[in-house]
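Note that subunit A is present in both complexes that follow, paired respectively with subunit B and with subunit C.
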Partner chain A sequence: MPGFIARRLLAMVPLALIVSFAVFMLMALVPGDPALAIAGQEATPEAIEQVRVQYHLDQPLVVQYLYWLRDAVSLDLGTSRATSQPVLDEIVARWPVTAGLVAASALVAVVIGVPIGVLAGIRPGHLADNSSRLLAGIGLAVPNFVGAIVLVVILGVQLRWLPILGYAKFTESPADWALHMVLPAFTLGSTLAAIMIRQLRAAMIDTLDSNYVRAAWARGGSPKRVIGQHALKNAAMPALTVFGFSIAAMIGGTVIIEQIFSLPGLGPFILSAIVGRDVPVVQAVTLMFVLTQLVVALLVDLAYGWLNPKVRVS
Partner chain B sequence: MAVDATPSIADDAPGTATSGQSRFRRAGKRMLRNSPAMIALGYLVIVGLAAVLADAITPYDLAVATGAPLASPSGEHWLGTDSLGRDVFTRLVYAGQVSLRISVTVVALAVALAVPLGLVAGYRGGRVDYLMMRICDAFASFPALILMLAVAGILGPEPQNTIIALLVVMLPGLVRIVRGQAVAVRAETFIEASRSIGTPDWVIMGKRMLPSVASPVIVQATVLLGTAILAEAGLSYLGLGTQLPTPSWGNMLRESYDTALFSDPFLVVLPGAAIALTVLAFNTVGDGLRDAFGIANQGPKGRSQRRGITTVTRRKPATPAPALATDDLLRVEGLRVEFDSGTGPVTVLDELDLTIRPGEVLGLVGESGCGKSVTALAISRLLPSPPGRITAGRVVLDGTDLLGLSLTQMRRIRGRQVSMIFQDPMTSLDPAFSVAHHLIEAQRNHGRVDRATAKRRAVELLDLVGIPAATRRMQQFPHELSGGMRQRVMIATALANNPRLLIADEPTTALDVTVQAQILDLLRSLQKELQMAMLFVTHDLGVIADIADRVAVMYAGQVVEQATVHDVFASPRHPYTQGLLRAMPSSLTPPGERLATIPGTVPMAHAFPTGCRFAARCDYASDRCSQAPVPLVEPDGKTLVRCVLAEPAGPVPLADPVPAARPTEEAT
Partner chain C sequence: MQVFGGRSPSMRRLMALFAGLLVMAACGSPGARGGGGEKDSNGSLRIATDIEGGLYTYFDPVRYSSWPLMFTNLLYDTLLYYGPDGLEPGLATEWSFPDQSTVEFTLRQGVKFQDGSPLNAEAVKFSWDRVIAAGPEMTKVAAVKALESIEVVDDLTVRVRLSKPIAGDWRDRLLFSSQAGVGIVSPTAVRAAEAAGKKFDEAPVGAGPYKFVQFVPGQRVVLERWEGYWNPAAQQVARMEFVHTVPGAPTLTALAGGVADIASVTAADLNGLQAQGLVVDQYPPVFETTWYQFCVARAPFDNLAVRQAALHAIDRNAYTQAAYQGAATINDKFPAPKFPYYPDSIDNPYPFDPGQARQLLQRAGATGAAVTLLTGSDPLSAAVAQIMQQQLNAVGFTTQIRQSQNTFNDLPGVNWSIYFGAGSYPATSSAFFMPGGVGNACGYDNPELTTAFDRTRNPQATAADLDQAWADYQRVVYADAAQFSIANPNDLVGRSEKVQGVSGDITSGNPWVFADIYVTD
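Right, the complex of A and B next:
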């Protein structure tokens, strides 16, 4: 098992290289002179030239990338061209916000999606199933940011039950943190909850019709054992795979949600960097998103191996 | 669940190879019956028309203030005005035009690119396929939204750049879908045949494969239209898509969120609702198309499923069981099973009578589709309801009518008094659980057993069914065992509680010939050793001769002959039994002679004739056969037979007697 994890972590290295190189090249497509952008419109030609040399902008692109890579390996992700702050500091401060939002949203998705999906799958066509299908349909159709705004209007503006904006650190006040997370996590998690409902429902219907479930009934198993153990464990496998994919999509979704709810996570950071063509920030934050996604994928795979003995690693 | 004699509703079977034309026409008909999808389609048509005819139907200029700011809806301004006094209805319609134009363009481009790419990758396979799939993987490892933001942000907010950004995100998934479908179709025999006669590749891809790929692509394109609307709205909301003053639903949402959230939340809700309804409509139409094309079976709809026990709806209350004069262990009397089909209930089993004495082996034999497995499953009430339903008869085990029991009562019988083994050992063990788990569960289903005792008993059971190194096998999972091993494990679980009756539903059919003989030997020796009665379902008369004491021959949902093995083989009464015996290879068949066959096939359950069901295939058929249902009679006190020639008492004339088959010794 440790060997497997080590191999998987190692396999992330080439992918991280490819992604960072791709982003680097993409940023090079930005029209305009980056040196001028950094030095400012009123800078003298000498000052611009100095910036050009300082940031290695006079070198070929590949060399520039290698400079970036050399620094990145020693955890120096450069300085933001907009704020002149080290990018790493910003990421260290902001990443926990985003990770916390992802975790809270995933929790919401599991708490809502799993029981409803399973129940709907056990009794397809039942009232609970039909209402869950409607719920899932709406959850998938309503975009995150629309849902967010509706929740803000109702719960925040009209009823004033929950804070609309802002953030409290988990380490300082967990209760405050949770209160500020309710709306963002619900809006971000609702899509995933809808996906989980659909997946689990379909998977439960399939497994309940399988030969091994019939055989489990034939052994005299109780509904609790046949449905709760045999059907559920098998239905969890495809659902978990989809959960993994969707978490990845959700990580991207944090950008909009953080923007709407003014959460000081990575989202607003990369958004302003994209608009301001702040290459080191875009580069580093993108890489951060990709790495987070890969780690989540690894965790999902480990969980999958625990469920499915066929892929269990020895 | 594979149950033979399921009423075939051939015209509804998904995936049947029919001509593309009629498949699309049928899908269209099914679509028309799907009211949510039609409502959604209607909404989309209205939105689409409004977008196309925007100039004609909007009363005001897009950018000019025509009323007081934030006016409420009125006759003049149907949806009110925004914070700058502009007509909201006008802006909403034009915004829809922008959003739809971008989405339709993106999806059209995606389809135009993905179909050829996916077809080539799927058809060519090899290096081309590998390369394309790795590129798709690389894109997939990127958080889609970040990628889209980066592309849109870097290229700038022109519409064509938005289109490129959306395309980059959507294309890989669509290519993957087309490719997957192409790979599946490629394996079909008609493609192989086309290749072998030298049809050019582009003709195969364009004319043969494209129609098969079309329906999933249409479904996916519909859903992608919704996704594109969403993504465009997201980009515009973030300021990276459509730029003001050009309105799009996304930037209208942003504008009203920033300016009117507290003063006029209605303005925020409108573009949000437009986005959500349109996406919902595209998804609903996509789901409808998916159902109409029969791509994904969403499972039975509109009725709830009863899990774990077959529903019994006997129209007449069953007469109380008479005191058992005989020492029968199991009596099945007048059992009738119906299946719900699209066109109403279909009777698949009728007037079924069987008896099994303690320690006796009854062979149940017949062609595929005769209802043998349905019988086996109905006795233990394991037929899934719906579609199966028991509508008449009794199944009396030791004086108890099993058809009157609840699930809780029934499960005390299953696995303890009546155990089952199934045809397909590859899928009958749960892949997620170890051998030990199966064996221990079988014991714990019927009372408290501590783990150590259950484990010891499990090892004993594995020894009993001839699995070597039982302790090591316990830790293994089904996928680590061969088919024969799995069937042995199935038998071990079935024997865990020393059942009085073992129902074996074609237990050797799915196995290798050599393994078949081993499993058969094992079952025979276990049956003798444990003095257990057995209902042995098979289509192989040789196996029956080998293992059974008595035989019931089934045809088209009825028992047509029931007697001892010796009587059935020595003097078969029913023409069908005679036909089966003649069709059996035997050492007495002269070399070079063709084996006899029974012409025709078993009729479908919905087309059972009123009279004798075998008449259409019978050499002796006359007008008498088709007049009325034929009863099961006992002409000679030994054999039960369902044939008009058997009444009144007297033997059925035999044109050419069947060579007497060997009873027990020979192995199959």
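Right, the complex of A and C next:
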């Protein structure tokens, strides 16, 4: 197991290199002069030239990338070209907000998706099943930013049940943090919940119809044992795969959700950086997102082993 | 396999539950907005604004780069104020420009910083020496970069020398703003912070009407009335809370949800605000202007007659309602409508006349000429672009729209014919219409316009001189037809009814605007 984890962690390095290079080249392909964005409207041509030299913008693209890589290896992610502030400082300050939002959204997805999906699979064609399909349909059809605004208007503006914007640190007040996270997490997690409902429903129906489950019933197994221990563990495998992939989508979704709910996470930060051609910020934040997804993928693989000993890595 | 038996479900129960939720929502109160009561001098004003300027929040003026923040002017006050008739005394009571590279002013007597230390010439020198020491990277504002030396003439008199003859920029911009990094800080507080190994940013001290209380990153900034301020009549509220929101729906919901009392809003928010029973005030802009620039370096607008044809094709009335939802002031001149030296005596020689436009185009042999509009991707710019496209195509042009997230960045790289610009004087003119300006991507160079512009920036010009200079500037603009204006979006302020006394745009946090704002109980 430690060897497996170590190999997977090592495998992240070349992937991170490929992604960072790809992002760098994509940003370079965007038309326009980054030196103009940095120097501003009131700069002189000499000042713009100075900016080009300072930020190596007069060098070939590969050389510019190597400059960035050299610094990144020593955890110097550069300074923002717009603010001249260290990028790492901003990421350290903002990352917990985004990570918390993703974690809360994943929790919402699991808390909603798993019980409903299982119930629907146990009772196909009944009220629980029909309700679940309606819910899943709505969750999949409605874009998350539309859902966000509707929830804010109803629950925040009209009913005043929940705060409509803002953030509280988890370390200072878990209860306040949770209260501020309800709307954003529900918005971001609803799509994944909908997917998990459908996945689990289908997988449960299929699994409950298998021979080993029939055998378990025949041996007089209790519903808790048969469903919880035998059926669910096998039905959860495809749902777990979807869950792992969806984390990446959720991370991307934080950009919009954090804007709507005024959460001080990485979303607004990278959005401003993309518009302002602030390449160091875009590079660093994208790398952070990619590494996060890779770690999640590793955790999903480890979870497979827990669910099904046959795929456990020895 | 069905594990548990059961009856077939009914969808009606589900739909009834959903409908019940909607009914509850519809019946829910939009929340108390108050208004119409007595002035509450101990009240709080909550302002929805982007406290990060899109990037980060700062309080120390030397951390300024190019992001003005609303609370800066309230924290540090400004040397001068900008009233209906121009400059008025603020922290400074007298000001002069001995030459084009020198600014002199005399500070108001008896003014103290929020820590009780005196605001004097030494404090100004200390503050601006820090700006110089921070280096040219500290700011993108040319007039701040030009700071060369600060001389203490006497206890209250300061002489500032600039490295370039742009004292006019100080008159037109910096002297009535602390947002560009020239806020005057308390030397006592800076030294105390340094001695304690802390940053001044953590506990900033200025001489403004409101002192720093709290900053929660990404959430809010809280200021409180400072009892030692030199002008108590300008402190109508006891506390100001700046709540972080981004423009658009989040600001709208903050106002509607009672999280904020007032905010700068856009025309796109109008319907939503009015539906929520909020008040929207409109003010024609004073400095912010929108304009359109022809690229005179390439076809089709390298031909004066073709440019004139395009101008005759523009029907300004079509834009105001369709694009700006009525929240705009039609403007056929370069400066903003409320600019003190607005040249309203100069008539527009290009009235809307599609027939004339077609004739000019035909005579120039340019019927069907391809035109590319380089515009922003925001809804307002997109709407304006679509209307312009229709109007130009109606007289014989073939117009396509090129949207961009950052049009300024795309100037050198895109083959544009008409560029949509916005900005405030004088930065806009310098950057886009003067030779060597970084926004002058098509190399526009008109010596007459340059001469007229230089006259507008002469700090020693009288009001009559400036009136004449701006009139001459506009005449040249019309004659050359290289740039034009259509309408200026009004500055919009959305507020709950409990907020009264709003007299202008609040975006800049100008103390003379906030001096009259109060809340009712």
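Note that the second predicted complex is superposed on the first by the 314 of 314 C-alpha atoms of A that agree within 3 Å, B and C clash if a C-alpha of one lies under 4 Å from a C-alpha of the other, contacts with A are read in each partner's own complex, and residues count from 1 in each chain.
Here, a contact is a pair of C-beta atoms (placed from the backbone, for glycine too) under 8 Å apart; a residue touches a chain by one contact, two chains touch by 3 or more.
Worth saying up front: this structure is predicted, and the values here are computed from it rather than measured.
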When subunit B and subunit C are modelled together on subunit A, clash or fit: clash
Touching partner for A:V23 - first (subunit B), second (subunit C), both, neither: first
First, second, both or neither for A:H126, with subunit B first and subunit C second: both
First (subunit B), second (subunit C), both or neither touched by A:N234: first
Touching partner for A:N211 - first (subunit B), second (subunit C), both, neither: first
First, second, both or neither for A:V275, with subunit B first and subunit C second: both
Partner chain in contact with A:V153 - subunit B first, subunit C second, else both or neither: both
Subunit B versus subunit C as contact partner of A:A39, first or second or both or neither: second
First (subunit B), second (subunit C), both or neither touched by A:T286: first
Touching partner for A:I48 - first (subunit B), second (subunit C), both, neither: second
Superposition clash, subunit B versus subunit C, among 184-192, 256-264 or 526-534: 256-264
Subunit B and subunit C contact sites that coincide on subunit A, given as residue numbers: 31, 122-126, 129, 149, 152-153, 157-158, 208-209, 213-214, 223, 227, 259, 274-275, 277
Subunit C - residues contacting subunit A, complex: 1-4, 6-11, 13-14, 21, 24-26, 28-31, 52, 54-56, 65-67, 136-138, 140-142, 217-220, 243-246, 249-250, 253-254, 256-259, 276, 404-406, 408-414, 423, 427-428, 430-431, 436, 438-439
Interfacial residue positions of subunit A with respect to subunit C in the complex: 31-34, 36-37, 39-45, 47-48, 80, 82-85, 90, 93-94, 97, 122-131, 134, 149, 152-154, 156-160, 163-167, 208-209, 213-214, 223, 227, 259-265, 268-269, 272, 274-277
In the complex, subunit A residues that touch subunit B: 15, 18-19, 23, 26-27, 29-31, 122-126, 129, 137-138, 140-146, 149-150, 152-153, 157-158, 202, 205, 208-223, 225-227, 229-230, 233-234, 237, 248-249, 251-253, 255-256, 259, 270-271, 274-275, 277, 282, 286, 289-290, 293-294, 307-310
Partner subunit A, residues of subunit B touching it in the complex: 1-2, 138, 141-147, 149-151, 153-156, 226, 230, 233-234, 237-240, 253, 257, 261-262, 265, 268-269, 272, 275-277, 279-280, 283-284, 296, 298-305, 307-309, 380, 382, 384, 407-408, 411-416, 419-420, 422, 424, 427-434, 441-442, 445-446, 477, 479, 490, 493-494, 496
